[in-house]
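The block underneath contains the structure these notes are about, expressed in structure tokens.
Order of writing sets the labels: A, B and C. Residues in every chain begin at 1.
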Amino acid sequence: MTWIISLGAILVLVILYMIFKIGNLVGLVKGKKEEEFSISWNNANAIMFMIFMVVGLGGFFWYSYAHFDEYTLPVASIHGEVTDSLFWITMWVTVVAFAIIFVVMFWFTFAYKYEKGRKAAYFADNHKLEILWTVVPAIVLALLVFRGLRVWHEITGPASKEAVVVEMVGQQWLWMARYPGVKDKTLGHHNYKLIDASNEFGLDLTDKNSYDDFKSLELHIPVGQEILMKIRAKDVLHSVFLPHFRVKMDAVPGVQTHFKFTATKTTAQMREELNNPAFNYEMACTEVCGKGHFSMKFPVVVDTQEDYQEWLESQESWLKQNPDYLKYVPAELKEAAMIKAGIPLDNTVTVQTAAIK
Amino acid sequence: MATIDVHPQTATHHHDEHGDDHAHHGNFWTTYIFSEDHKVIAKQFLFTGMAWALIGGMLSVLFRLQLGFPEANLGWLKPILGGWLTPEGKIDPEFYLALVTMHGTIMVFFVLTAGLSGTFSNFLIPLQIGARDMASGFMNMLSYWFFFLSSAIMFISLFISTGPAAGGWVIYPPLSALPQAISGSGLGMTLWLVSMALFIVSSLLGSINYITTVINMRTLGMSFTKLPLTIWAFFLTAIIGILSFPVLFAAALLLIFDRSFGTSFYLSDIYIGGEALPNQGGSPILFQHLFWFLGHPEVYIVLLPALGITSEIIATNSRKPIFGYKAMVGSMLFIAILSFVVWAHHMFVTGMNPFLGSIFTLLTLIIAVPSAVKIFNYVTTLWKGNIRFTPAMLFSIGLVSFFLTGGITGIFLGNSAVDIQLHDTYFVVAHFHLVMGSASFFGMMAGVYHWFPKMFGRMMDEKLGYLHFWLTFIGVYLVFFPMHYIGIAGFPRRYYTWTAFETFSGFADLNMLVSVAAIITMVAQFIFLFNFIYNIFRGKLAPANPWNATTLEWTTPRLPGHGNWVGEIPTVYRWPYDYSKPGSKEDFIPQHIPYSETPESNLPHENDEIKLEMGGAGAIVVEERKH
Amino acid sequence: MSEAVDFKIVEEPKRPMAMNPKKFGMWLFMASVLMLFISLTSAYIVRQAEGNWLFFDLPTIFVVSTAIIVVSSVTMQLAFWSARKDDVERVKVMVLLTAILGLAFVISQYLGWKDLVARSVYLVGNPSGSFLYIITGLHAIHLVSAVVFLLFVLYSSFRNKVNSKNTVQIEICTTYWHFLGVLWVYLYVFLTLLR
């Protein structure tokens, strides 16, 4: 394959070079008398513009129509439906404007191509016309902007108190999700200085909210319920991108960002709709973050509310998975921590705690 | 780099043999290398810019090979790329990012800022305003040599073992600040920063010179309302440059301190490579604000000169006055001002204050209005013209077409709510490559074709120009138009491959089409290169005014010598767009022809000026002082 | 170069604007320097608004610096006036004095830095300290460049090239010097108010 390409490229080069040579030789043979402006080439260029216009515009419309389903990503969030509609409104407005100007411009190049003896119009300005095409785009843009700003205001507004909170943490080159746990429903504090090989979140175990937090390598979210995604990064910039939910927000080290959205279709519903039993929601990174930028995939599952609840309860807390870290829990909170984390209280631990006291 | 610099010497040397009667005696070094003549400096910028364009283009072909043919074995590139190929003959993912970064940096700064603005501002400002040279030839020379030094350093950074900068041309920290994060952020990034610091110095020296020259050195009668639109464009570009480049300098300076001296302007709470860094309290977003405060005006630094050049060429070759001269100047002025207050539209999803997002959406969409006005004015200039399709004219029409196609997608991206999905996808790539990259590149090409006769005293081959145009024009559309679809489908930019995702794994065919088109477009540039170099030496001798244009540069000899005009500098009496004036025999009246000589074509208010003309040069000055 | 000759062909007084290109160039250069400091002070404000900001008092010696630079502006202006009155000897004295005051300013700034270090405010650490060092340091570098310029003026004055007929060089230098003085006053007020 590559050989064919490279060979092809070389061949093209050679052919082009021959064309220059021949063209130049012909020019030399004809001599320098032929200095007259070449009307036939001028017409050829004008015709080329017409061909370009027809084929280009035709190809654009044909491809857009014929392959519509390939490039329109199904949408699965409430605000996504709104921004999509705004996108398509903008698309219609701009395509109409584009097509008109495109056709008019190339038509002019053809219609007013050089003719010997014709004199161009001395048409230097026309204030009415200029005001017209300043005001009309301004009004159209204003309408688009105001609609856009309303939507933007809703999307970036504060999340409701009942929203399901999930924390996404980006690092080179993977995502991690942290859930606040079923008992306190609050994310525990974190501190980047506490991060180590096991404590990947930098969980601060002096905060009692952290005991039932759990890590997940799959983003599970319930359908029809508002999600508040809190986002941070450990090393460099990353960006959460959930293409089907029209969600995108940078992950910034040292700053917490967030995005709220509501999923409208479970994974199962989407599979059915797309007639693709292998379909999965995905999350990607859209801010360049180094070598593995292209591979920061994180699976996303939208459950029904019941399935989600079931999944939540089946998860083990981070502290339970890493009982060694109990030593960082202040002694007076140890018991509470073990209960919250779901670690069975056995004698040895209580004895140790007592000894420390 | 050495090969590049041979050209200007040989080129200009050649001309001097052909009767440059304007005596200027200097030795070889002061005439061709450390020249203070604006025309030589312009050519130096042009040749260096073209060399960079080739390098930048080649880099893009390399990463297009990876994207279009992910399965291909690129082992045959081993002699060039060496260790940057994986054992399986694939481009290394980190090198891929380096390619993308260097492509962006080279094209934006070295080709479309220095190569375009440096070439044509230097060449045209003195010639079109009627000056012997720039205000300070010495500063002008320094400007080029700072640029050369900056180029040399950037070029060297391509070959160091840890690779060139690889964090994207926007060099967002922390990625660009931490060598642990990507190897390009080691020495490569240091060289990038040093090179850009020198580049900024070069750009400031140039801009100061351009503005000073335009304001102080215009010939008699050349009031601001009689300036060609090219000069307006260069003038405004230089102002934008003076105000925005220092901000990039500040951003880079703080980054240098973060990288080398341990400060925490942009760094905070970072755990990388198994250790927590001590930096706390910095904000990566701060860098983005500073960067885009330059970065967005930079878009217009790149675009305005191209628009100016196009205005001139479209009017000349339509044989019509440019439609709405005042509206054109006004819209450029408006764009220049607004370019400073829209920067944060690059940052809608960085988590910045949503209210700020609303403000920037509003301001961003306002900037679309003057841009639309410019397009309408170009189209109206074509209307009822008598259009001659010189290669320069073809490229200018191509520019308007790209400006339209790419500009219109800006309406999507400027709207913050719609931008959420499109941000950092191929939709953005398509948008800015058309509206800024290709449009400005076409402006540059148009300028080269149009002013080649004045630069080198010879003509380029028109037919090769047509071939070059059509291959490039269609090629560019085939490269960037499909990217809109890919972007709407959500494909993120700067991805080495999309196969890791089910959502993004489609469109292999479109990507292949894009890559093939990119290669063809790249190959087509060699037609130009051949046409250009060959005709510097062998081209048909050019007449002094081959396009029957009105501006002052065409009143100079075939190959203007040092000082540009033999004898006195012409005085200017009329605006630069008296094409096809009713009543006049010719279809153009140059700027230096007084109204008193053209009674048959004067408009009523112009007849009034004859009285002033009769009063001598002093009368003109009275009129001028108003400006 | 023959450049100078070329310029005389065009009659200067009839130019639409009569400003000397070099003077004008200096104004543009000052505009870009101003942008540099505006962007740094803006970054300072933006960063400060984000919290986690170390508060400390400015070194008291900055008051002395400010006084020095104000006095140096006066001596600079006197030098310029003397040049216009052809008082060449006084030009030399005043230019030299200004240069010395300039160096004194830089030394005073350096003492200010030492004071900061003594109070454990370092370049590396909280950005509030880093900003202070960078802003004052950049200003000091520009001031040093102005002192170098002054030395050129001094050299010209010894070669009898600064007098009522040749004021361009000293005028540009005076403008630059005043600019840096005003810039410092702005920075000092800014840094005092936005602690």
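The definition used in the following text is that a residue touches a chain if its C-beta (ideal position, glycine included) is under 8 Å from a C-beta of that chain, and two chains touch if they have at least 3 such contacts.
Because the structure is predicted, anything quoted here is derived from the model rather than measured.
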Treating touching as the only link between chains, describe the layout with one word: line, ring, star, complete or other.
line
Comparison of B-C and A-B by number of C-beta pairs in contact, larger one:
A-B
Inter-chain centre distance, chain A versus chain C - centres from mean C-alpha coordinates, in Å
48
Quick check: how many Å separate the C-alpha centres of chain B and chain C?
34
Just give me the whole-number Å value for how far the CA centre of chain A lies from that of chain B.
29
Show the residues in chain B shared as contacts by 2 or more other chains, in ascending order.
280-283
Taking the complex as given, what residues does chain A use to touch chain B?
1-3, 5-6, 9, 12-13, 16-17, 19-20, 23-24, 27, 32, 37-38, 41-42, 44-46, 48-49, 52, 56, 60, 63-64, 67, 70-73, 80, 82-84, 86-87, 90-91, 93-94, 97-98, 101-102, 104-105, 108-109, 112-115, 118-126, 129-130, 133-134, 137-138, 141-142, 144-145, 148-149, 151-153, 155-157, 171-172, 192-193, 195, 197, 202, 231, 234-237, 239, 241, 243-244, 246-250, 252-255, 257-258, 278-280, 282, 284-295, 297
In the complex with chain C, residue positions of chain B that touch it
24, 36, 131-133, 135-137, 139, 204, 207-209, 211-213, 215-220, 222-223, 242-247, 249-251, 253-254, 257, 261-265, 280-283, 286, 289-290, 293, 562-563, 568-569, 617-618, 621, 624-625, 627
So in the complex, which bits of chain C are touching chain B?
1-3, 6-7, 9-10, 14-17, 19-22, 24-25, 28-29, 31-33, 35-36, 39-40, 43, 46-47, 50, 52-53, 123-127, 130-131, 134, 138
